[in-house]
Amino acid sequence: MAEAQKFVPGDEDYEEEFSFDPRLEQEAERIAEALVFASAQPISEAYIAGRLPRGVDVGSVMARLKNRYAGCGVNLVQVADHWAFRTAADLSFVVNTDEQEVRKLSRAALEVLAIIAYHQPVTRAEIEDIRGVQTSKGTLDVLMEAGWVRFRGRRRTPGRPVTFGTTRDFLDHFGLEEIRDLPGIEELKGAGLLSGRVPSNLNIPVPIGDDEFAENEDPITQMDLEELGLLTPKAEEDD
Amino acid sequence: MEPLWHDESARRGLHEDELVVDIAGFEGPLDLLLHLARSQRVDLSRISVLALAEQYIAFVERARSIRIELAADYLVMAAWLAYLKSRLLIPQPAKDEGPSGEEMASALAFRLKRLEAMRDAATKLVNRNRLGRDIFVRGAPEHIVTERRSDYDASLYDLLTAYAALRQRQAITQVTIEKRHVWSLGDARLILARMVGSLDDWTALDHFLIRYMTSPKERATAIASSFAASLEMVREGRLEIRQEGAFTPIYLRRGPNPIDAATLAEMEAARG
Amino acid sequence: MAEAQKFVPGDEDYEEEFSFDPRLEQEAERIAEALVFASAQPISEAYIAGRLPRGVDVGSVMARLKNRYAGCGVNLVQVADHWAFRTAADLSFVVNTDEQEVRKLSRAALEVLAIIAYHQPVTRAEIEDIRGVQTSKGTLDVLMEAGWVRFRGRRRTPGRPVTFGTTRDFLDHFGLEEIRDLPGIEELKGAGLLSGRVPSNLNIPVPIGDDEFAENEDPITQMDLEELGLLTPKAEEDD
């Protein structure tokens, strides 16, 4: 493409007045485009100009770029003497959906979730026993609401406490095929998640999958669910 | 390209004629072997395994002579290479299934090639155009897409770290007695299983093991554990044992019920 | 052209047998462009498809879009089944703002990363077999924390060891569309170097953990040795 220009590299006479080299202009457009794209804030024209090849006029580069994006899903917009990309106004409905921001699970919720995953079927009393602190109803509610934890059944012990387990969504979200894919103690150690000095009294159970019930567990019934629906006192938060 | 693994002899404290100083520069016996192999300056598929075995053994001898402690791994490899060397030098009569010296040598060459290939791959990988260094994302994203059905986010890594930390915290911490450098029976058994599996002839195997132990402390545990383990294995018919008289070398060879590859794999898996 | 559109996805009128309506296709392109452009993270093709006018083929929309951006300063790239806009690689020198630091990995960690990438799904024992050395604590840990490596599942062999694999972030970070794009992977496969198993079931010594004992195993003590009458050190052995 260069040969079309009659441009002799290094020839001093030509360097100054040569005002339009398509190759250079295109390169300048690409640079400006990448700069504006990658910048966290609207970026000043002066800054862009400083990074363009010499002899290129930043104003016309930006004008062409703006023009190129005019009909697109994204537009190049100028704010004072700064440039930024913005979603085309008529498409804001695609981008600005009503999605609320994803919330990070609290430490407490993560711990309870992990205990339920590994120790299922597990009762609330057992969860508290393992954690050594009381679990607020709120924490379990959050996990239920997230769709990761469910009532599994009832333990065949006095009081018939409800047992908790994980859901299919839980497996999907955490990329597990089945609950037994959770790493065991040796594997946690091997991956560096448990430190080398693991006390000998630390046992990690093999979780019991969805399809089976523990020996002393009864499936949950519709009646149980209704009953449980009645007892959802509102939570005292735990962290 | 930013090289990751250059043969920086100096950095590794290794010099052509004056071998050995800093074993810590190597990541295990295979790494050391690969380094030595490269110094033969040939394509890995045309490498002389015999020469390599000799170089390695010389390296280990040298480390002993200047009293550098070598980890058990290096010594086990030395013993294995010594055995390999004997197989290569004295061709076996075509007896039963046991792999020939050549087969063993080609297996070693394969492992070296594979390790080198992975290193080259790692170098290529790390020199690619990388996100955040060469390639950039939209600096001012306008939204965060939530494709999840849940409003909450957590990764499996988060989950496992939380669980591991919790369990560790809750478990009663015990007094740990200072760790002693010992070969457990399990270690010894596994080492014997690996090595004796292919021994057709009477070999003073404990001699190999002990010969390369540098610290006297470790020597006792190595003798004891491998001897105890060998008795157990004789009982199981895994190997046979012979000793001419008190304090004479103990010879071992494969027993009538040798450990096959599958059993060995299980043993290794059991050790995690 | 923008003002002409005002298209609402799912609008019943457009729904039926339009095999190729240029206006619809163009609108689809704008929507996909806006969606992907607005996000820093790769967006799944399924998600995009769900927001395009019905009857439009997402695959061809993305292909056209990718083509349109091919020579630009910003490119449309595919990461697994996701799409993202990224600055063009050759512009690295202009955009590079030395403020972001790319994670530095140790030699060992990189080697493990490469082994996992090329051999996945791969167990820890296999990684150690390839490297001939135990994986030190903190290596896998670092790779998982970086979000490049994950537990994948379990191998269906005795002991059901957990397997490791790489993540989409890994592909994104190293500019790979899919695992098959790993440099040299076909050649390595062809050379039999990724088959996993050493030919002819030979066992070369693999590392032993000298810092741990099996759960049910105690170290041998000096006393045991004396008891067994086994302490017969062969004097100080030759050389």
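Which chain is which? They are A, B and C, in the order written, and residues in each are numbered from 1.
One rule holds for everything that comes next: contacts are C-beta pairs under 8 Å (C-beta built on N, C-alpha and C of every residue); 3 or more make two chains touch, one makes a residue touch a chain.
All figures in this text were calculated on a predicted structure; none of them were measured in a lab.
> Between what two chains do the most C-beta pairs come into contact?
Contact tally peaks for the chain pair B-C.
> Going by C-alpha centroids, which chain is farthest from subunit C? Tell me that one.
B
> In terms of CA centres, which chain lies closest to the overall middle?
C
> Take the average of all CA coordinates in subunit A, do the same for subunit C, and state the distance between these two points in whole angstrom.
One centre to the other, that is 16 Å.
> Centre to centre, by mean C-alpha position, how many angstrom separate subunit A and subunit B?
39
> Roughly how many whole angstrom separate the Cα centroids of subunit B and subunit C?
So the centre of subunit B lies 27 Å away from the centre of subunit C.
> Among all residues of subunit A, which ones touch two or more of the remaining chains?
34, 37-38, 85, 87, 95, 175-176, 183, 190, 193, 195, 200
> Two or more other chains in contact with one residue: find those residues in subunit B.
Within subunit B, the residues that touch at least two other chains are 136-138, 142-145, 155-156, 160, 272.
> Across the complex, what residues on subunit A touch subunit B?
Residues 34, 37-41, 84-87, 95-97, 99-105, 107, 109-111, 113-115, 117-118, 130-132, 142, 145-148, 169, 173-176, 182-183, 186, 188, 190, 193-195, 197-202, 204.
> Help me check something: in the complex, which residues belonging to subunit C touch subunit A?
Residues in contact with subunit A: 1-3, 5-6, 29-35, 37-38, 51, 71-74, 85, 87-88, 91, 94-95, 97, 124, 135, 137-142, 144, 150-154, 160-162, 211-212, 215.
> If you look only at subunit A, which of its residues touch subunit C in the complex?
29-35, 37-38, 51, 70-74, 85, 87-88, 90-91, 94-95, 175-177, 180-181, 183-184, 187, 190-193, 195-196, 200
> Flag every residue of subunit B that touches subunit A in the complex, lowest number first.
Contacts found on subunit B: 136-140, 142-146, 148-156, 158-164, 166-168, 170-174, 176, 272.
> In the complex of these two chains, what residues of subunit B are touching subunit C?
Residue positions touching the partner: 4-5, 27-31, 33, 61, 65, 71-73, 76-77, 79-80, 99, 103-104, 106-108, 110-111, 113-115, 117-122, 124-126, 128-138, 141-145, 147, 155-157, 160, 179-187, 190-191, 194-195, 197-198, 210-211, 216, 219-221, 223-225, 227-228, 247, 261, 264, 266, 268-272.
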